[in-house]
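We just call them A, B and C in the order they show up, numbering each chain from 1.
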Amino acid sequence: MTPNIAPAEPRQTPGLAPIPPVATRPIVEVKSVSKTYAGGVEALSGISLDFPEGRLTTLLGPSGCGKTTLLKIIAGLIPASGGQVFVDGREVKGPGPERAFVFQDFALMPWASVIRNVAFGLELRGIAHGEREAIAERHIARVGLKGFERKYPHELSGGMRQRVGLARALAVDAKVVLMDEPFSAVDEQTRRKFQEELLELVANEGKSFIFVTHSIEEAVYVSDRIALLSRRPSRVSAIIEPKIVRGGDPEKIRRDSAYLDVVEDIWQQLKHYLD
Amino acid sequence: MQISDLASALPARREPPASYWRDALIHPLVLRLVSFAAVLALWEYAGRIPLSPAFPTFLETMGGLGAIIADGTLYKAFLITLHPLVIGLAVSVLLGVALGVLMGLHEPSEWLIAPVFVIAQAAPLAALIPILTFAYGIGLTAKIMTVCIMAMPVIVLNTLGAVRNTPKSLLEMSRSFLASRSQSIRLVILPAASPMIFAGLRLGCAAAFIGVILAELLITPTGIGDVISYNQSVADYPKMYAAILAIIVFSVLFIELLERIELTLFRPESRA
Amino acid sequence: MVISGIRLPMMTSLIVWAVIWEIAGHTDAGFILPPLSRIVWRVFEIVPTASFLDALLITGRAFLLGNAIAIGIGVPLGILMGRSVIADRLLLPWVNLFLSAPLSALVPVIMVLFGLGETTIVLVVVLFSMWIIVLNTRAGVRAISPSLVEMARSFGANGWQAFSRIYLWAALPEILAGIRLGMIRAVKGVVIGQLLVSVVGFGTLFEIYQSHFLMEHFWALLLVLFSFAFTLNELLAGLERRFAYYAASR
């Protein structure tokens, strides 16, 4: 199954080239990781999964299947009960500078201004005030929040807060960006806008993204590779590479039959988890 | 449909001035003034009936207030009362916040210390005042200790709760950005806890005022307590009431001031 | 806390403190702080005496009556303030004032107005406990979703029915929390009142023990009072938790 969608219009962004099939080396390797929570809940059972470098890989699966758990294990925020995770060839023992996390609930510090929130990772690394503010300013502008540097989180909309969380993760210049349902708290229009921006980031940054979502359409639209997780205790039930050629008109892509076929295909696979 | 629309539309057209007056009347500031005026008028009226020979009118009380201000009694009394209050409060705040933070971060100390304060919070600690007097005599120390035992439990327990309730996602966030333990305490836990710590400080302040007045009434009459009990004993009720009014207003303003300080120094986001 | 795999319940550390107290009681500090064992012994000695039971009766009566008045006035007042903007704006400044004011300064006023008797103690209890009940009830009523009230109205409920069937029940978790906090304040109030009046209830006992340097007796009385306050708090907190289940799903 290789749905290929040719760009129907001239590319809008010169920097965007059709992405070649995924064949790069894995930046993150998950090797038979399992996780049983203290209460006896078995969230993951022997998951093995590779995440290619420079691409966006999505974890998609029914609610409560352990997507957040897997993401946090990769982030080093919670220990696995078994198995190993390697990032860039090194085993994960805890959080590291090569990974940055974008939190589902933003996790912004309400007492800190936007710029201080964005610069937080740099502040922790002991980077001088002026320098880290300059870096933070750049990333705030990148996510389209120029002019909001001195505002506080409660003065921002949900979508703007999510951008702050994204800017904070980008500011530390990690190789791997882990995003836990980053767009679930924003409205549909913002969400679509974010998806475009995310695609642009993936194309331009050379970073690897691991993305968690509930939405099949979103997964198919933004991912280079989708790992379909089964119900708890979770295993990988399928790996899907949508191979959508980007850069065209988003509306066209969303109406394209190849795109819709992939969506339908995943829906068929996930449907039986519903009952 | 149309008839009812019309019916509701008609009076509405005639009414704007009425609703304008109504809006002006229920304006918070107006109502607050009305409320204060009503209570003071009621006080004046009740004093004139008279409700009791020991119940001076509002104006008489103001006269008493003028008298104790004019002869310097009130000023001197406040200085004396503030002495144990400020020392006791400072000790309670420093020690209380430190203990609360320690317990919030270190489970064994919570296990050891928290139950003592849980009981102290529920218990009528004022009953310890006679024992404090035995232990420390009738001087300043016993009064400071009284302020401390009254103010500290609520400060300690609020601080403990505040530190415990740091949002889990913020803790995870700081860990994911490689915060060291001391960094996450300094940059995340304490700032996140500060609103609730300050709420505890306000409550502690109110309790400290209760304590200092109680100490001055029970241990030895000094400061405001002396002005109250002396004028009570010579049946100069306007001055007695004036002293009570003064300390109550003072404590309310003191707590208000604390809140202002909190907002300007510690809560930049609330000014935005 | 967990020590070598065994979970120690929170309050178990009190045993440690009891031991420290016992040891301290046998040092020079024993004059002020007698050994716990002897104090506990004293508790059993003084509790059956007529003077203690008498004091308990008077204090208990004042406490219950004061709380009943505070609840009887506080809850309707809180509901009124939660419902009516005008009442709220008129009364809230006063409620807040009395909530944070040093009420111990007002006890002398009650004393000169109502004498050195039980009435004064009852009024002190009301003064200490009422305001927090008002404020909590108000908060509870303001948290009620308007649709719940509209539902009752749509079924034809009149004012009294709306009050007794909806507001009271929907705001119950907050009201109970207010009553618990009010009672804790009331315990403090009743003790403060009796310390200052000193011829009523436990006040008499405080006075006798204090003037005769009967430290063990004094501590025994404190132990009884503190245990009572703590138990009351726990009981009410337990009750509150039983009703809190629907606070979230309201």
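As a working rule, a residue touches a chain if its C-beta (ideal position, glycine included) is under 8 Å from a C-beta of that chain, and two chains touch if they have at least 3 such contacts.
Owing to the predicted nature of the structure, the values given are computational and were not obtained by experimental measurement.
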Maximum inter-chain contact count - chain pair: B-C
Per-chain Cα centre nearest the global Cα centre, belonging to chain: B
Cα-centroid distance, chain A relative to chain B, in whole angstrom: 49
Mean-CA-position distance for chain C and chain A (Å): 53
For chain B paired with chain C, centre-to-centre distance based on mean C-alpha positions, whole Å: 18
Partner chain B, residues of chain A touching it in the complex: 72, 75-77, 95-97, 99-101, 103, 105, 107, 109-113, 120-121, 123-125, 150-155, 168, 172
Parts of chain B lying in touch with chain A, wherever the complex brings them together: 167, 169-170, 172-180, 183, 187-188, 191-192, 194, 267-269, 272
Residues on chain B engaged by chain C in the complex (per definition of touch): 26, 28, 31-32, 34-36, 38-39, 51-52, 54-55, 107-108, 110-116, 118-119, 121-131, 134-135, 202, 206, 209-214, 217-218, 224, 228-229, 232, 237, 240-241, 244, 247-248, 251-252, 255
Of all residues in chain C, those that touch chain B in their complex: 1, 8, 10-14, 16-17, 32, 85-86, 89-91, 93-94, 97, 99-109, 111-113, 184, 187-188, 190-192, 195-196, 206, 210, 213, 215, 218-219, 221-222, 225-226, 229-230, 232-233
